[in-house]
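What follows are several structures.
Common to both upcoming complexes is chain A, partnered first by chain B, then by chain C.
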Partner chain A sequence: MNRISGNNIGVITEDSQSGMTLSLRESWLFKEDQTARYYRLPLHDPVPVIRAMKGEGKNLILFFGVEDFEDLPGCSLLYVFEEPGSPGFVVLIPEGRGAIHQSVAGIFPIASLFEREIADGFGVSFTGSFDTRRLFLHEAYPPGFHPLRRSIPNTAPVQDTFDKPGKPYEFRSIEGSAVFQVPVGPVHAGIIEPGHFRFSVIGETIVNLEIRLGFLHRGVEKLAEGRSPDDGVRIAESISGDESAGNACGLSMALEQISGTQISPRAEHLRGVILELERAYSLLSDLAGMVTDIAHPVSASRLMVLRERLQQEADRICGSRFLKGSICPGGISERITRESLDHLFKTAGGIEHELDEIATWVLSIPSVIDRFATTGVVQPELIRSLALSGPVARASGSFADTRIDHPYGIYQERVPGQVCEQGGDVMARFSLKYQEIRASLRYIQELLVFTPDGPAIVPVQMHDGFALVATESPRGMALHWVYIKNGVIHRYKVRTASFCNWYAIERAVIGNIVADFPVINKSLNLSYAGTDL
Partner chain B sequence: MQERICEAMIETVINLFKKPLCIDTTHSIGQDGGEELEIQRLGKDLQQEITRIFDKSFAIREVDCGSDNAAEIELGNLSSAYYDVERFGITFVASPRHADALMVTGAVTRAMADALIKTYEATPNPKIVIAVGDDACTGGIWKGSYAVLGGVEAVIPVDLKIPGNPPRPIEIIGSLLTLLRTQQRS
Partner chain C sequence: MSITPVLAGLLNLGVVLLISPFYMTVVKKVKARAQRREGPPLLQGYYTIAKLFRKEVVYSDYASFISRIAPYATLAILLVAALLVPVIWIPEITVAEGNIIVFLYLLAFTRFLLALLGLDAGSTFGGMGSSREMSLSAVIEPTTVVVFAAMAYVAGTLAIPEMFRHATTIIPGMSPTILLLSVSLFILIIVETGRIPVDNPETHLELTMIHEGMLLDTSGRNLALFELSHAVKQTLLMTLLINMLIPFGIVQEVSVLGLALATVLFLLKGTALSIVIGIVESSFAKMRFFRVPNLFMMAFFFSVLTIFSEVML
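Right after this comes the complex of A and B.
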């Protein structure tokens, strides 16, 4: 049991008798709610505890800073862990709130990203970290500018807006006479979001890829501070267009948890419909993108028409083709009519049949199989160390699905169809996404049959507090943590699935040829805006 | 015997080709058909204007400077089989050097301002700049954030603003028509 020898703090001991799997003392428990247990560690260095957590199979999925958290002055760090087989999360809050912390990137590699994010936001540093470059703050921001500090107003850091006062970003370099670099972006050749890709190649083969994001950093988290909860949901909705409903739902659920609001069964059902509709149309464009990138536009055209029909359904339901405004704290938009839902029911069934035909056809074409199979393999070993989630993880043999592992809303009552593929290549992701769309369309029809009558929205009596909510967006697990103080948002932290999943691409492309990069990238289709915030 | 196998094989191959590669989907979309007629009507007018000003083809380069990707999706949808704006002479091109117009989305972020200016400078004169979406028009929900400069206007001159969160594809087509009607052939 005691994995940490020579640890003079005496953290981990006796717990085997009490049957507790935690190496945490229950006396450290600070707060327990529906979704998480918060522990305040009376230690300045959380590293031994975090190492023990890893030994017990828990996984670090989020790690962020909060200033003036409850009665704690300074910047508290919150480490969020997922425990296999347990729906609740574990959150550790160490005593240390100074400017220097111990890095945990050696234990959980994904922590490196969170540490860079915290260092940018709050100006704290991590000793022993292997990457100390800035993450979301580009050269346009002067050194010493840390926007998430509460003492910093939400205004421009410099007068001359086109100046570049920051240090130039240093890319990892691979050296050798045969190696050359291919820089791509931020402005790409197609209609896509900005990001920079730095390939190191030998001949056609990619030996290294470094992805630099942050071009779309709009200051989401800072903008939410001081806003009313309703305004916060509108901001969450604008994080990433094709995940608007998912993010609005995540923050709304967190606010409902804080206020103790129970939404109506009708709203619960229709939220499920909205979330699955969003999943279906988002994944449909992923399929279309994949076949476009291997030059099979005939099937892409058909898939795009199906997507168009689902977006028209979204428009009919709530007046937005991206389901904006459909979910709000306390329930759903009142403008959703029975007629529009009946229409969706019919369309969902029709699309299911047509999709089956297209997918069967596409997957029987030898040239498609040739390009998809064995291309861009995401190794299952990466899932845990990079906190991968969603279709990326499920196409590499994982069953992880937030709707099933951490059920929320309607998913507590009705379990959605679970899909898993082995292989981890583009082929696996194509067939997985196809099956997920199918499962979503089925689930929509099922929910619509059982949707009861009732109020669309109930009033939310907001009071102070904090809550963590996990939802399954089309791209994987999205985490929303919100802290309400004096009736307004004091801190809003969001981690979309893309934030972690991006680094799967850096690994998946190695050994592939540059010409296959577009299809590999599209098979994951991650959100730049959702990562940059 | 061999002959029969041969015949069967030929029949299979013929059947393969008989199977339509693309089902005619026009009957199943836009239930009332009203929107499709509207697209055709707008498109026809648009085509006339494009022929008048640009000799049949109007090339657009899209730049995302801080959008939430919804506007990108709608611009991508314009090229889908449903709207298919290419039949009216509109093409989305890969390089600003090939473009007659820039379509810019998003409240321009500090990190993208430089890339936007470079893209603008790389576009040959005369050029049109179109701001697509509320964020690009005014800064939208991001107005007042330390990380954005505001609407596209804050960085480069803008000729047309298409508001919306994001604007629907048909609204984009309609706005383009309005813009081109005011343009002179140069």
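Right after this comes the complex of A and C.
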């Protein structure tokens, strides 16, 4: 195992040896579609190209493996880059060179996580990486078990190794006479999802935090393999409860792109309504969570009432409080009625008004401001190196919003309200989320006025192919890449916003006190289930 | 030796033990209503304690005898403290002198036991709770001493029963010093019983806990005893405030009717005070841990002001 330094993710590494730069040649272009350009690199070493990408301002946002991709043998690696100012993504596919690859974590720190994920899933190892610990495979899994390989059957793993767990996970440790380790979780005092937080503290002050997730790992990506595209959407919907519509929409759009389906304008509009409704109720519970964690339950309960009313609207619209089944490939659920939408229109207006009143009140209570301001600052420098997105990035002065940067669906036609806050502290995230809910409620009302009549769903003629889709879930950018082969899902890769955003917390808590950790954590409110795929 | 002081002492213990869980529930109920919830039934405090008494006690593998004796010792010490604070009846001769300094250190002793208990189970959160409790108490104690000194100065005695007797001679609300003192005593109740904005008794966030953190590894009967101790402590501190500020109805010449009336009045006054505590808890967010001493400074300030105004007026 490599020596793990205390100074790891989040530090922008300046590379001194950028003597050789290589830019992309158009002759390497392999495929171009609505959302991405795929380049195959016929190179011995793709690292200089990737370094050059960074020099051009492109940012690595996803990096994953696929076995038997098109005509390529073995496991191919796909590096997905986002280009500022360009709606399309760039995907690099270095042509297979066996099972040893060069790490790019020194160029893009977030790559370290993707590399660990690929190493666990496919057994591909990376040379020169600073962290080679396992990520989602915990101690109970035997060495040499790599579940995403196609040779591993798509069934529940055999649990014969529970009595002989492997080497314990090594946490980054800070040593010193007054430094104490505080392990928290995965079982918590409240009913929340499992995650392990290893704090190093001096008195009450946090000097280091390492988060370990994976306790909820369900094998979502493996589960989708060999399933029909429609079943895949049901799996995507179950990734994370409060992002179910967002994830269902992401995969549905990818499938529509592969099959070349054009959904009806009515479905486009109503998808927008559903996605914004999900954003509004998810962010409302974030606001409620933040005030609960500073022990101001009086305002929390008022916010939860609003959330409940929106979830009842969701139930009225599609029969699910979490909007499950509302979005499917080819359009939207056919059971959505005009009456339920009219009801939503009225409720959205009322909630907007009440939310204004509650937020104004909460933000005028001195004891609340005192707890929120300057707590848990996410530095803007982290946004690029950790590929942060969503409210976390926007509260730190970024304008990044997938709906605007990479418009899809109805957002191509109607630009949603853009919100940004400076400061990056809990206060900024609270007011940003409040304004986003407001903007979402406005947008819902606007869309409902302009929703045309038409069919809810059109048939999808599936054929083989692959597509990448980015959507803006309530927590930030979610990426879905699906590869259909022989009419079934061959590989489904999801990266939720939480996967990258979790590591912002490790940085944001440093220098804060332990007792402030819950409110910092809640102000980002990341999904455990959305990370433990 | 007369039987009266013993009777008075037993009556006092009985009233305190019986009434304490009720006040705790009233505070919870008020907070629930402020959050637009129905809240627990008013007898929930008793149900919870009864339920916990029937439950199994689980000890940590690392627990020493401290975990076994602390629950009993804490309640016993608080019951001794209860003997010093007459609730409804100030007899001519009391069972104990009721020295306020003794009272203060009996409370400090329970705090010490609780901190040991937090460390005893060998869990992180217990240790963290104990560490926080001890850092806070280092700041609370001088303030408490000054508050009690102000009380003693105003009443001209160190004996709690005598203070109450003095308070009965004053028309309620007419003495500025008593009013100032009440503010300090109220802050003391909030601080000593671990309520918002100092601590959050309802939280599930183990990382923010102070009082609850130390009790995280306590279960069953032991937890019931701690719940009861906590309630008794709150009632005793509330009694100090009630019987200094609005002592009317407290019995000095014993009669059955008088005692009954005094009990009803105390119940009403205590309920009113619990409602006020609930409202105060609902109007603030918890303070940042290192800002909590600011609250003590307020109590300190009001106590010093009490002493000054008593000297000047």
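As a convention for this text, the second predicted complex is superposed on the first by the 500 of 533 C-alpha atoms of A that agree within 3 Å, B and C clash if a C-alpha of one lies under 4 Å from a C-alpha of the other, contacts with A are read in each partner's own complex, and residues count from 1 in each chain.
The definition used in the following text is that contacts are C-beta pairs under 8 Å (C-beta built on N, C-alpha and C of every residue); 3 or more make two chains touch, one makes a residue touch a chain.
What you see is a predicted model, and the numbers here were worked out from it, not measured in a lab.
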Give one of first, second, both or neither to describe whether A:Asn154 is in contact with chain B, with chain C, with both, or with none.
first
Looking at the overlay, what does A:Ile365 touch: chain B (first), chain C (second), both, or neither?
second
Which partner does A:Glu334 contact after superposing on A: first (chain B), second (chain C), both, neither?
neither
May I ask you to decide whether A:Asp131 touches chain B, chain C, both, or neither, giving the answer as first, second, both or neither?
neither
Classify the contacts of A:Val514 with the two partner chains as first (chain B alone), second (chain C alone), both, or neither.
second
So, A:Glu26: does it touch chain B (first), chain C (second), both, or neither?
neither
Return first, second, both or neither, reflecting whether A:Glu204 touches chain B, chain C, both chains, or no partner chain.
second
Which of chain B and chain C A:Val184 touches, first, second, both or neither
second
Please work out whether A:Gly214 is in contact with chain B alone, chain C alone, both, or neither, and reply first, second, both or neither.
first
Specify the partner with more touching residues on chain A, choosing between chain B and chain C.
B
Which residues would you name on chain A as touching chain B in one complex and chain C in the other?
189-191, 298, 301-302, 305
Would you pull the chain C residues touching chain A in the complex into a rising list?
31, 34-37, 124-125, 128, 132, 196-197, 200, 202-209, 216, 282-291
Contacting residues of chain A [partner chain B, same complex]
138, 140-141, 147, 152, 154-157, 161-162, 164, 186-187, 189-194, 214-219, 222-223, 234-235, 238-242, 244, 285, 298, 301-302, 304-305, 307-309, 311-312, 315, 320-322, 324, 343, 350, 354, 357, 527-529
Quick check: in the complex, which residue numbers of chain B touch chain A?
21-23, 25, 28-31, 62-77, 80-82, 92, 94-96, 106-107, 109-115, 117-119, 141-142, 144-149, 154, 165-166, 168
Chain C touches which residues of chain A in the complex?
182-184, 188-191, 204, 291, 293-298, 300-302, 305, 365, 367-368, 370-371, 513-518
